[in-house]
Amino acid sequence: MFFASDNWAGAHSAINERLMNETTRFAAAYGNSDLDRTIEARFNDIFEKEVAVFFVATGTAANSLALANFAKPGGVIFAHADAHVIEDECGAPDFFSGMRIAPVEGTAGKIDPARLKARISRFPQDAVHHGRANSISITQATEVGTIYSLDEIRAISAIAKENGLPLHMDGARFANALVKLGTTPAEMTWKSGVDALSFGGTKNGCWCAEAVIFFDPEKAKEMPFLRKRAAQLFSKSRFISAQFDAYLKDDLWLDLARHANSMADLLREGLASSNSVRLAWQTESNEVFAVLPIERMHAAHAKGAKFYDWSEPANMAQPVQEGEMLVRLVTSFATERKDVEDFLEIVQAG
Amino acid sequence: MFFASDNWAGAHSAINERLMNETTRFAAAYGNSDLDRTIEARFNDIFEKEVAVFFVATGTAANSLALANFAKPGGVIFAHADAHVIEDECGAPDFFSGMRIAPVEGTAGKIDPARLKARISRFPQDAVHHGRANSISITQATEVGTIYSLDEIRAISAIAKENGLPLHMDGARFANALVKLGTTPAEMTWKSGVDALSFGGTKNGCWCAEAVIFFDPEKAKEMPFLRKRAAQLFSKSRFISAQFDAYLKDDLWLDLARHANSMADLLREGLASSNSVRLAWQTESNEVFAVLPIERMHAAHAKGAKFYDWSEPANMAQPVQEGEMLVRLVTSFATERKDVEDFLEIVQAG
Amino acid sequence: MFFASDNWAGAHSAINERLMNETTRFAAAYGNSDLDRTIEARFNDIFEKEVAVFFVATGTAANSLALANFAKPGGVIFAHADAHVIEDECGAPDFFSGMRIAPVEGTAGKIDPARLKARISRFPQDAVHHGRANSISITQATEVGTIYSLDEIRAISAIAKENGLPLHMDGARFANALVKLGTTPAEMTWKSGVDALSFGGTKNGCWCAEAVIFFDPEKAKEMPFLRKRAAQLFSKSRFISAQFDAYLKDDLWLDLARHANSMADLLREGLASSNSVRLAWQTESNEVFAVLPIERMHAAHAKGAKFYDWSEPANMAQPVQEGEMLVRLVTSFATERKDVEDFLEIVQAG
Amino acid sequence: MFFASDNWAGAHSAINERLMNETTRFAAAYGNSDLDRTIEARFNDIFEKEVAVFFVATGTAANSLALANFAKPGGVIFAHADAHVIEDECGAPDFFSGMRIAPVEGTAGKIDPARLKARISRFPQDAVHHGRANSISITQATEVGTIYSLDEIRAISAIAKENGLPLHMDGARFANALVKLGTTPAEMTWKSGVDALSFGGTKNGCWCAEAVIFFDPEKAKEMPFLRKRAAQLFSKSRFISAQFDAYLKDDLWLDLARHANSMADLLREGLASSNSVRLAWQTESNEVFAVLPIERMHAAHAKGAKFYDWSEPANMAQPVQEGEMLVRLVTSFATERKDVEDFLEIVQAG
């Protein structure tokens, strides 16, 4: 019953196998192998356009370097107050970009366009003292399990264009959002105005496969240097490529995300229909937030279930009561139906 | 005939297998799994002392963060003029540490102690304008295939201690040097005055396994933050641990390094005994530098041999002549005897 | 009628004169002259303790280097949401310290202790992902013309001590606050738990005289290097010293601040007693915030009065109405009574 | 007998007077006053072209921000091994630019064009591992008292243009070089291919007046933000302008430099004609390097002469002998003929 995070899962067997095959041969290092070229081209297919692809070690690196690529002195990045780039990266985006991040509020983990507009207006392009608006970062799926609709993405990107700001998407859970929306990678990104994407494979079945993707390769000319100076250029880069090779083949990545989402559906249904337990808020991806009686939480922990409690946000429709706990439950490609069922049984009992 | 670099090799089967086993289970992320703990303890055994271990993505990251850990404003790092930290890391050590690197000359790729002393004396601890000496970095084995003897390491570390400077060792090819010297990891590091080590596994049979090791854990308190801010904390960190598990088990790592070295011995012998070809200088590790008739070089390339030409250093005993080329040949755990023999046959012919 | 800012004023004649005297002689550069030593010692007297003093070029430099002096990777600085370090320094404190600033709300421009506590608790010392609390910065007098009482400073410093965080005071308008509170420099700083002070002289009659003061010299050992690397070490440093010499002599600085404050008192009284105009909120230092009919504002501008309009903060007791404008009026050592009277006459008329 | 450095001098009376006049009025802060505009226009006249001018606090700031303005990740700056940017700025240029400086050798403190070419060729524009050439910095007059002829500047700038690199000139002693060459500011800079200039006034009679000048204003669009983020934007900026106003008026700056140079001529003549003392090498500006019997050095110190000894460079035509000392003597606008004569008398005696 592992619901702590999707990065507690291992790696998918097809990805393992492909990795193994790759290990038996020699090939050029530092991203110059035939396989690296092949996979870069694969991303062109997936996004229906020529893109620039840069593999890096972690999601934090992908976010940080994507933002650093657009950096200017005195620049200000706008992101949701709960965004990973603000809350979970130890200041790496600030460090690599030399800029600051201004938090923007919004319900359900999504940037509120009106507030974004207001916030940006405080940082005009000639604001030498205050600083100037530089870029916007959104997270898809969000940190709290919700998903921006295409219209919502376009509302943000319209503001970005009006202000001449590039739009970055943190896609650590890109696949989970994509299959839920039932749209294409192109639609969810550049066709909706996204300029740069952190494309995450690690949480969805790879063991380590993260990429930064720029939809206008002309605007990513500094990236090879930014990446190398950031110590993020793998010598055996093709082992990242090999993972992506299997990940992207025959839509495996979409299948894995669908599985994770469906396991979360199962959790959502079970929790929603329970008397003792409730959903903290509605989610759509592979993250579920629930309010449990503390005693049920202990029971679940006692039986080996792994999950984290979560800080209660302001404005919860039905606040956490004395004797209750807000917890986060994350499913993954590796989550088994039986684990979900066992967990539901435990928390619903009592 | 792959002699371009040891990072052109794949990964060893035992390491692959261990990695596969690890992928089927769930475990805590970000270095908090049981396996991460086990491997950290393994390093204590190997170095015969409690050490602090930090996994990172690349050798450049290991070097940069090791040096950043000791950083002070206005600090100056001393390294050999040919060192990887100066020549091959795009300024990453400077970027992460906020310091500068002062090159020190020395024959055979090794820092000359007298020159080091003289160089350090130019940067006293109160030199606000000039900058102050901060740390020393040596490479073992060196970039040009040579190896510091224990006495040579101690000569450097004595200067480090006199000046109150920590000593870092770039051990991208640590194992190759270790087995050649026939000494212990402890002797080649902290017992000889080394304070921090970049311990490389990638070039010697892992697919991606690099660690920074501090021999006084008390002096590495900032590292968890430095690493995370550098976007170098893997979520599935245990897959690095799994590689090290197999790598370190039953001295596999030493066997792999011995194999690489012995393949280089074979190359050295063959080249030394040839009439048309000669060793550019004496090496001891898995790197061999040779002077070939250009026409032999082309012949080798034509038959599929992979290797790089190399800039001629100043002061070569027998300079490269018109019609000749200086090339670098690197062997690895995966080099096969037949490839060496075939290569020698090609370059010796004609 | 110059009320735009106190840095629109020139320099006081006594300071000019002292500067002139100093220019006719030779003396050691880079802070090593006899005069530099003398003035450093003067600061010891003023603060009743041995302090470490570092002259810098701007208030932004003073704030940035004070905070950089305590910096650690992943560190988070806490400051009021309206603080100069957040709003008006183009990210310089972030740039020099390599850290982030977390805004804390509070009425009247002052950090609310309860909110500060809550905010700090989100950044515990082992929070590798989130970041860790590093330091607190308060502004005295605040950006909105209010002043922390000694008790209020102590409430903040108590939280700082509990959490092991150094407390910085941005004293760009230190003197204005000091004379208003009628306390001593020592009481308003280290005796109330302040660890570092940006001591501003420029706004109060110098032409360029800013210093960072550390109340525990042992904790400022890195500052000489931080300052030089920040390009903030003046060669003719003694010309800063000369300004401070006159500034501090015979309590000139306190007299100048008293004058500025009294001119603001005059403004406050006049505005408070008017029918057409009102104080936006109560202030105590040399800054006054007023709500004017737009037409009165235009009239004042037309007659040559200089002042800026100001963004309306949330939660104003009596919000700005249609047809009104919120403006900031700043007095200085050089403000003349007649100018205040003329201004009042204009805005009250109509 | 103050020959320690030209920054030991005070400030010229005409500059003082102008500064005084300025202090009695109010005017807009942060470089927005009428006077700031006037002086910026004055620089257009002096350089016979529209330039972008940015005042900063120190020569180190001028150099660092000029180089930062052209910075790219992985970039490498080329400067003479003895340059101030390498030897005397505590790493500030590296810190502000995020780049490294590669030293280039050359006799008489000037970059050797052939060596420069060779050095640059090691850093091609696609050298992700090694780093890429970014810019060149020369010092006029040099650190060792020599002066680049126009032809020599053009030889360097030709290499810069060939490689697409901007050329920066550190002009801390710009005026001394200019009057010696008897050329125009335009000829010595942009007409000879210089792109950015650190224009120093402090060493030549101002108390603090340094500017960065860009000869193509289009290429300095980031500078307002770079300067503010560097904490180098003076609030009372017009007091820098006032100094430059007097400095540039009626060629005062050229007269002051001519005086300093002529005092150095006097020193050079006296030393050259002496039996006991000799010039270490030929200089042309206001710096003189001499070899004295140690006993004469002590005698001079005993009589109150101020000057520094100097590290002996490699390859001195006539090396320093046992019992001798190499010293640097710097004259300034404030040096008096009698002091030179007294000094010569002391060192020639015995």
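Every chain is named by a letter (A, B, C and D) in the order it is written, and numbering of its residues begins at 1.
Please note the rule applied: a contact is a pair of C-beta atoms (placed from the backbone, for glycine too) under 8 Å apart; a residue touches a chain by one contact, two chains touch by 3 or more.
Bear in mind the structure is a predicted one, so any value in this text is a computation, not a measurement.
S.K.: Between A-D and B-D, which chain pair is linked by the larger number of C-beta contacts?
M.R.: Looking at A-D and B-D side by side, B-D shows more C-beta contacts.
S.K.: Farthest from subunit B by Cα centre, which chain is it? Let me know.
M.R.: So the chain farthest away from subunit B turns out to be C.
S.K.: Taking the mean of the C-alpha atoms as each chain's centre, how many Å separate subunit C from subunit D?
M.R.: That gives a centre separation of 35 Å.
S.K.: Give, as an integer number of Å, the spacing between the C-alpha centres of subunit D and subunit A.
M.R.: 51
S.K.: Report the inter-chain centroid distance for subunit B and subunit D in whole angstrom, where each centroid is the mean of the CA atoms.
M.R.: Distance between chain centres, rounded to whole Å: 42 Å.
S.K.: Among the residues of subunit C, which ones contact at least 2 other chains?
M.R.: Counting only residues that touch two or more other chains, subunit C contributes 30, 73-74, 89-91, 95, 98, 128-129, 225, 228-229, 233.
S.K.: For the complex, give me every residue of subunit A touching subunit C.
M.R.: 73-76, 87-91, 94-95, 98-101, 122, 128-131, 311
S.K.: Quick check on the complex: what are the subunit C residues that touch subunit D?
M.R.: The contact residues of subunit C facing subunit D are 2, 4-5, 7-13, 16, 19-20, 22-30, 56-61, 64-65, 89-92, 95-96, 202-203, 207-208, 225, 228-236, 239, 306, 334.
S.K.: Please give the residue numbers of subunit D that touch subunit A in the complex, ascending.
M.R.: Residues in contact with subunit A: 30, 72-74, 98, 128-129, 132, 222, 224-226, 228-229, 233.
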